[in-house]
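The following blocks contain the structures, represented as structure tokens.
Consider the two complexes below, in which chain A is the common component and chain B and chain C are the respective partners.
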Partner chain A sequence: MLRMYRMLVIASFRSRMQHPFNFVFGTLMAAVVNVVEFSLIAVVLSRFGSVQGWSTYEVAYLYGAILLSKTLYRTVASDVHHLEKYLVSGDLDQMLTRPVPVLLALMAQNVTIYVAEFLQSAVMLAISLSVLIGSGQTSWLAVPQTLFVVLCGAIICFAIGLATATAGFWITRIRELQVITEDSARFAAQYPLSLYPKWLRYVLCTAIPVGFANYIPSLYVVRGELGGWILAATALFTAGCLALSMRFWRFGLSRYQSAGS
Partner chain B sequence: MISVTNISKTFRVPVPVEGRWAAARALFSRARTDKEAVRDISFTIERGEFVGYIGPNGAGKSTTIKMLTGILHPTRGEVRVAGLSPHKHRTDVARRIGAVFGQRSQLWWDLPVRDSYDILAAMYKVPDRDKRERLARLTELLELDEFLLTPVRKLSLGQRMRADLAAALLHAPDVLFLDEPTIGLDVVAKKRIRTFLQALNRDFGVTVLLTTHDMDDIEQLCRRVMVINRGELAYDGSIEALRERIGLPTTVKVTFGGSFSVPDRWEEPFRLAERGDDYVTLECNRSLISTMEVLRAAGAWGDIADVHMEEPDFEDIIHRIY
Partner chain C sequence: MLFAVLARKSFKRNLQYRMAHLLQNIGSLVFGFVYASIWAGIGAASPLGSYGPQGMVAYVAFNQSVLHIVLFLTNGLGLEQSVRTGHISLELMRPTPLFYQTVSREVGNIAYQALYKSVPLFIFYFLFFRLPLPSHPAVYGWTALSLLCSAYLAICLQYLIGIAALWTTESRWLFWVNYACHLLLSGFFIPLEWLPGWLRHVSAATPYPFIQYHTTRLFMGLEGPQPIIGSALWGALLTALCLGATRLARRKLEIQGG
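On to the complex of A and B.
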């Protein structure tokens, strides 16, 4: 399975390299967009210093963690996010005639490496962690814990993205839905959830559980609240999300109506 | 090889909203109606058969093929391909079948043709030796060598179709599904594809199910034809028996040099389909009357300046018969 995935990814890269200008230009543009977005956040953070009792570095941690998780998800599961394209064109048909799981084939299509996002989130995490460890607020144990949190976060982002894409089997056009479940939710998770009204906090920990991708585990990792059990709970929750979204995906795929030819 | 028992496929489609604010109301409308694209179809295809599957647009051809290849799940009924259900064992069935959809390519658009074959061979776990042997044979039969190193997007339609056929056969499938393989091709390219398909079926015993709009495809390739109309199987039998049933429908367009008059009735068995300013279009069945006789009769109506025989519109015929 992994070999298959690797081969498809390589094929995808080679295809993209046929248009090197597009590839380079796209990567550069994405980097610029990110730098701008990041500068805005940096301005906000430096102006307010702390948000609801969360220091600048703690917020930077939340931001870096969710961004890295999302970037991992989008890199590994590339075109899951673009299922709409396949539904509209009927290109999903030929994926279904091959002896490869459709999801795997989809994940290996149009693979992009988000260089800017990777760098930016890694740098933010590194800076905030070094400050927080340096000040004695947390220990070096936070480093492996953070890697674990980011991994769980990536899986949660994947599960949310997959479930949203699956809705496309019924409604076809999913872009607007993605704005809510992926973009807005992730944007919300860049700040401490304690900032939001109770109902929204509730939504972000259940229906669109981005809260578990960074906020909840970081309560323990960087602030020492709750207890180590929360990491185990996060892992369990992540596994549950993944299982649920996969089931939903399989169900959706069986309802695929294909496009007329 | 293929057995289909009472399959139906129902699509849920939104009910079109009419009247004032139709577009806005459609947005919130949850009304759905069931559209039955395929209704209670059954058939069996034995190993080594070459079957044509024909019918007008929207009759359910593609829907049937999609159910056989595991793309769509039948709403009711059961499909077995090589003994397996394509929707319960999709990947297992995928290994045993090949599929070519004339409208879209299954090759990697931006990569050289040969790279697609490498990827597909790995996907279907074709051993290296088998791959080389088969590719050599396919290259020879389909004359692929002139464009093996060309990116797929730069191929002509005919080349692409040959490349796609080879791609579908690389894993030596038992069954080959072809959906409009000759669509848009010129006469030479069509002939090449047909010759190849014939050899494939005859020499390698591959079972083929073919949908097409081209009656020549059917006549030259298929021993058995199935006709589907409005989602139901209207005919299943030999090509000869079908021909007896529909005869040899022909359309003749006769242009007159000067004024002409069409009588109210005539004795010969042909009918007036259309009448223009200086021409008439006549339809006859050549198993009942020869074209010469039709022309002789029309010659009495005025001075014939030009005659044009038209390919029978196949869809039209099917519509009229069933």
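On to the complex of A and C.
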């Protein structure tokens, strides 16, 4: 299965590189947008010091962790996010006839390596961790813990993305739903959830659980709050999210009716 | 007359997607909510200058509401798509200037977005955050005029992005450059006086502050209507650039698509 995925990914990557100019500029511009987005909050924090007790480096940690998680998810499961175009055009029908699981085929289509996002999030995590470790706020154990947090975060982002895509089997157009469940939820998770009112915090930790992708585990990893058990709880929660979304996907696929011509 | 018809058609086309746009509005609400929460969090420990914590929430709430009028326009006014499909040749053949055709279509789109996106968003923020409203009636008129100028500047920028596709085929990356510049230089999230000095100078040399910063401060009663003159001057300059680019584009046309 993994060998097949690798072959499909290489083929997809080769087709992308047929337009190297677009690839290079697209990468550069993605980097510019992400840097600007974070510099907005960095400028504010450098002027006012902190936001509800969270320093610039702690916010950078949250930002870097969720960005890296999202980037991993979008790289490994590229066209799960773009299921709408297959549903609208009817191209999903062809995938159903292939001797490859539909989900695997979707994950391997149009694979994009988000170089800018990878670099930016890794650099942000590296800088914030080195400062926090250097100041004695946390120890070197935070490094492997962060890798674990990012892995769990990527799986949670995938689970949310898959569940949202599955809704497309009933409503076909899912872009607007993705704005809520993926874009705006992830955007909210870039900052400490303690900023938001209780109801929004509950939503971000249950219905759209991006809080577990960075904020909840980082309370322990970078601030030493709660206790080590929260990492085990995060892993358990992540496994639950994945299992639920896969189950929902299989159910949705069994209800698929072609919409194309 | 033709331009009014194009604008009306564009408005009516959008009406077909009201439910989808309602969902989009929920996403926009969350974005605005996050920005407002950040300032509320900072405001808990800082007086936030002349704005004050409540003033900053009002500042970002107004800015977030008008984004659908001044930033979230059709990517390159649809010109990039026209270049890719070859449809641009038909558009240039029409006995009406390309610039006015595309602007008219976008005017209809913006009118729709103002009515079905910006106004509901502002009403929600107004009720939820208990935002203060201007007490002087003239402020509403000046703000509306300033917003019209902002929308026109945004249309011109999108036109220049779109027409660039005649040379580069793909101009999506320019769209993202404009988006990034807008976020940072328009005062959308941070009032310009709080930017580092060098960035403030960069911002002052662009039309971006006239697209959001001055309009919002005008609505909040923090400055008078004088900056509208700046908007008009930028509008004239960008119009000249758009018309000049169109003239060059006529000589550059290559038919893509099949």
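Assume the second predicted complex is superposed on the first by the 260 of 261 C-alpha atoms of A that agree within 3 Å, B and C clash if a C-alpha of one lies under 4 Å from a C-alpha of the other, contacts with A are read in each partner's own complex, and residues count from 1 in each chain.
We adopt the following convention: contacts are C-beta pairs under 8 Å (C-beta built on N, C-alpha and C of every residue); 3 or more make two chains touch, one makes a residue touch a chain.
Note that the coordinates shown come from a computational prediction; the quantities given were computed from them, not determined experimentally.
When the shared chain is aligned, chain B comes close enough to touch A:100, but chain C does not. Contacts of A:26 after superposition on the shared chain: chain C is touched, whereas chain B is not. Of the two partner chains placed around the shared chain by superposition, chain C is the only one that A:187 touches, whereas chain B remains out of contact. Of the two partner chains placed by the overlay, only chain B lies in contact with A:4; chain C stays clear of it. Of the two partner chains placed around the shared chain by superposition, chain B is the only one that A:256 touches, whereas chain C remains out of contact. More residues of chain A are touched by C (comparison of chain B with chain C). Shared-chain residue A:36: touches chain C; no touch with chain B.
Contacts of chain A with chain B, set against its contacts with chain C after fitting on chain A, overlap at residues 19. Put simply, chain A touches chain B in their complex at residues 3-4, 7-8, 11, 14-16, 18-19, 90-91, 93-94, 96-101, 254-258, 260-261. Those residues of chain A lying in contact with chain C across their complex are 19, 22, 25-26, 28-30, 32-33, 36-37, 39-41, 43-44, 47-52, 173, 175-177, 179-180, 183-185, 187-188, 191-192, 194-197, 200.
Listed in rising order, the residues of chain C touching chain A in the complex are 20-21, 23-24, 26-28, 30-31, 33-34, 37-38, 40-42, 44-46, 48, 170, 172-173, 176-177, 179-181, 183-184, 189-190, 194-196, 199.
Every residue of chain B that touches chain A in the complex is listed here, in rising order: 11-12, 62, 66, 69-73, 87, 90-92, 94-95, 97, 99, 101, 103-104, 106, 108-111, 115, 119, 122-124, 151, 179.
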